[in-house]
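Across the two complexes that follow, chain A remains constant while its partner is chain B and subsequently chain C.
Right after this comes the complex of A and B.
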């Protein structure tokens, strides 16, 4: 187990390293940069440009710039913002904003699971019946509806139609106003949650159908075990692929948060990334992407470890 | 019991906004609240309310001393120096008094190249700035600079206390200290900036008594911003699109206004590449020069501006007949009302282009910023040109990528816009619109450019002579006539295709009260215009 963990940790580190190199390189290939943002648009001044490039360390060779940034990364220093929050530590701002994204992600995941489990199980138990068709149709709509569309539709319905100020987005910390906090996170969480609920419930339905057709279930039914016990047993056996999808969804919540946070004015990592891209604030974009990759790696590891708890037959090790 | 009541009231206030709180929705989060270091528009909305400008200008570019920290001024006879008289009784938000020393500090800090201020060049050819008394400042120029006030209206949009920027990073970037009607309170990153009225503000009645705080709320998405206005989450927004304008116009709780805009839409043509320009090897090749000119003239008459105005801007834009505001006295009367869309002439010029050896069919790439309306404009132009058998490929690019591309030769046409920030005819006389070394769609004629960038083939020397003459001409009427001639030359040679000026479209909730005749100030989010908040 320890060897497995070490191996996964090292592999995760390697993934982070490759991701950091890719994002660092891509950002330097794309035309425009922080200096363009710090000079009046369209008004070129070669002297000022050179001065700013020097001040920001952008006149160093590529490998030195990367080495400096990577060195900082290993020390936990993601550099300083060059444009958005000039001179401020990117790591500190990420920490500040991570909380909002984490709250949104947890609430979204809760909503996703609350919808997905009853829907997935009901669909499997009443396969090809009216309820199954309804849930499948809803799931299909959930997967097919773009987040930005659902987000704006909710704002128009709640914020404009019902004239609820919280429906127009924004963020209030929990400590200041718990009810306001919940209301303001509810709509974006519904947007993200329904998206993931659809994929989780579809997977749960398939896995449950598979499990319900297995011999142990048929035996249990033949032995006259109560239906709910049979369902619980089948559910436990159907969980491995479902956990994988939930893990993927948890990791993907940050991807979805990019658009959702912008639409609902949430000061999280997603909107920070968008701001960083528009401002060409290289350390901000690099920092958020590396953190996002780190979260993905961590979530994947967690999901792998969860398999062992769900199915004790799974053992971690060298593969012998 | 009492605690419960207080808590309930507090919760309601937090959820639905405080009474006396003016909420302003702006696109994007400001980057920098130091008035000598900002480069983004969101920062301007804040800076102009936290600080006062040394010189405020009217929409037509005339100085407005009643809104300026310099209450009067006089130039010497040849405009090589100006003496500014600074307003008495002005206090900074830190409690100190504004004096000539503060103004001198602001000039000197920006002029110091070490500080890398992006507005340094807008201060002009200054050789000395000195305090002549506690409220008098003298600024001396290397050559006559009668446009100083217009330039400073942009370069000195806020005066800060002497020494307040310190030695390293300017603390004003995040903790601004100005003389403006509202004082900085708090910056919640990613969410809002909170200001409060400055009780010691020098102008009477500003800020109004029933505004207790002002919250500038950041929006990353335009639809959310409009929804927030409709829901009452904000009272006022920085701008709205023509489509939203038409929708909001019908809404009972919202007021809208349409005022002359400053966003100039145009199609830039690369004069240093085929088909609209010539290559370096073709310098002096009369045939190549004429061929490129024919391609440009074809474009000028083939594009139907009215269709663009109606389809993209729903009619809420003013068509341009040349490079300057059509209703401005600086705009050549000869150009006003000229024929803009003429398919017959367009075909003649296109045929002439082919006769002179131009590639058939005429084919080019048209880059456009991928946000806003630029791609829509480019697509309409693409369709219009298709009826002539001309193939235009529309390439959407992110804004900064587009600007970076413009600095290369790898483009033929570009759809973009720019704001007439400083009354641009003066800036144009001094520098060209923009000093970008390797493309000239900004009418640039600097000596450091290779010849194919010269803006007015043929007749570049004549254009430069007019330029020098107009810059030095003291008589306003003669100066205008010289400017008119230059404009005519630029239009004759189709240096750029000016399309239209988009109207500034404003929307606010009916609760917002503002002084009569100040809607333009309100439109640029100068909260000096706001006299209070009503009940709708």
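Right after this comes the complex of A and C.
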């Protein structure tokens, strides 16, 4: 078990390393790059260009540039923002913004689980009944509605119709104004949460139905165990694919965060990435992408650990 | 699981071709028929866009005195021109823009899925046929690493690398739309590679492959003429489900301003423009493009699910 996890951990690190190399080299394919973004119209001259390139370290050979950046990466230094926050450390800004994204992610995950579990279980228990059809229809529309459309629809319905400050967007730290913090994060978290809830409840229904059809459930019923126990037993056996889906959602959290943060004007990692691309601020784009891959690798590792926890029969490696 | 045998199902002497069998299974699920109709509707819109659109999608019309753009649905301008779904902020007809936007969206989606399929199927076929060798190991590790990037983040970073708008690669100019197709194709090809490898492995274990090998067919011949035709159904299912994802990603990129560029009509971009007019109550501006994107994703999801169930009825019975 331990050897297996160590192997997975090392593979995760390797993935991160290769991914960082890929993103670094892709971002350097195009000539010009950040220098173009820094030079104002009409001030273009070769000498200034050369100076800037030197200052940014872009005149070094490729492998030295990468070695430099990678060395920094290991020390937690992601370089300096060139355009967006001129001279500011990218790592520091990412850390600051990561907090916002993490709060959004946790709140939305909580909403997703609160919706998905009752809905998925009810759907499986009352299969093909009215409630099941309603839940499935809602889940299907949830999977199909893009986050940006749902976000805009919520702003129109709630922000314009009910409470203006709910749809206003922006971010207030929890310590300053807890109620304002909640109001501002609620709508974006609902947008992200319902999206995940749809896929989680669909998977939960399928795998719960599968578990309910197996022999141990029949045995339990035949023994006259209370229905509650039977359901809990089945649920436990249905959890593995569900945890996988939850892990996928959590690992790709930055995908959803990009859209919701832009719509609701939240200063998180997702909107940082988009701003970085607009401004052609390479260290910012590199930094956020590496963090995104890091999150996914870490979540996958966590999911692996959870498998063994949920189902003790799962033993990795040579079964010791 | 035991189930009632339906009349006529196992009648002696009836013979159906595979296609008839497939159609019988497909038709049984009403939702997949709905999906099929939706997809046909979009194909119709895309193909006949020039005939269906009442106006030029980039022509600007002046609002009559006392009104201003964006005009609500069923408005007319001074010359009596009718705008069925209203106009946008520049006075362009929303219906025409929506029709042309749908056309572009489908162009990008079909184009990028075709490229992704070409790359992914080749990778997967080679890896599957050479399973267990270093070629397989190399390809599949590459796929793992590609999949460790959250997909939208990867697409955004790639756009960031090549720049927004059309790009210059050496002596060639790559138009913006082709660039977006390539970016999305690179992002999603690993998923096709995984499916293809699994299917090829499955087929390789079957007797007909052994028979072909005994009769002296070369490896390339077995792969291309024996195995490949049998991998088409699962790849089609995957393509249909991936169409839904691609429509979402394409319109997300456009929504963020990183995809299709104005004045080319694009549904994602229309939705983004509409954000500034929400507080004025210009709901039609957002609802038309948002609804069209949502319905397209729903259609491809339903069709994909239906195709999957029809091609693999045993799995489907368990699922339902």
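In this text, the second predicted complex is superposed on the first by the 309 of 320 C-alpha atoms of A that agree within 3 Å, B and C clash if a C-alpha of one lies under 4 Å from a C-alpha of the other, contacts with A are read in each partner's own complex, and residues count from 1 in each chain.
By definition in this document, a contact is a pair of C-beta atoms (placed from the backbone, for glycine too) under 8 Å apart; a residue touches a chain by one contact, two chains touch by 3 or more.
These numbers were taken from a predicted model, which means no experiment stands behind them.
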item	value
When chain B and chain C are modelled together on chain A, clash or fit	clash
Chain B versus chain C as contact partner of A:23, first or second or both or neither	second
Chain B versus chain C as contact partner of A:90, first or second or both or neither	neither
Touched partner set for A:104, first chain B, second chain C, both or neither	neither
First (chain B), second (chain C), both or neither touched by A:268	first
First, second, both or neither for A:139, with chain B first and chain C second	neither
Contacts of A:170 with chain B and chain C, given as first, second, both or neither	first
Touched partner set for A:280, first chain B, second chain C, both or neither	both
Chain B versus chain C as contact partner of A:51, first or second or both or neither	first
Which of chain B and chain C A:289 touches, first, second, both or neither	second
Colliding region between chain C and chain B, picked from 95-103, 167-175 or 311-319 after the shared-chain fit	311-319
On chain A, positions contacted by chain B and by chain C	30, 152, 155-156, 159-160, 262-263, 274, 278, 280
In the complex, chain B residues that touch chain A	11, 14-17, 28-29, 31-32, 39-40, 113, 116, 118-121, 169, 173-174, 188-191, 217-221, 223-224, 227-228, 230-233, 398, 400-401, 403-405, 407, 418, 433-437, 442
Interface residues, chain A side, partner chain C - complex	15-16, 18-19, 22-23, 26-27, 29-30, 140-141, 143-149, 152-153, 155-156, 159-160, 206, 209-210, 213, 251-255, 258-259, 262-263, 273-274, 276-278, 280, 285, 288-289, 292-293, 296-297, 300
Complex contact set, residues of chain A against chain B	30-32, 36-48, 51-52, 55, 83-87, 93, 96-97, 100, 152, 155-156, 159-160, 163-172, 176-177, 179-180, 183, 262-268, 271-272, 274-275, 278-280
Chain A partner contacts - residues on chain C that touch it in the complex	1, 144-145, 148-154, 156-164, 167, 244, 248, 251-252, 255-258, 268, 271-272, 274-275, 278-279, 281, 283, 286, 290-291, 293-295, 297-298, 301-302, 318-319
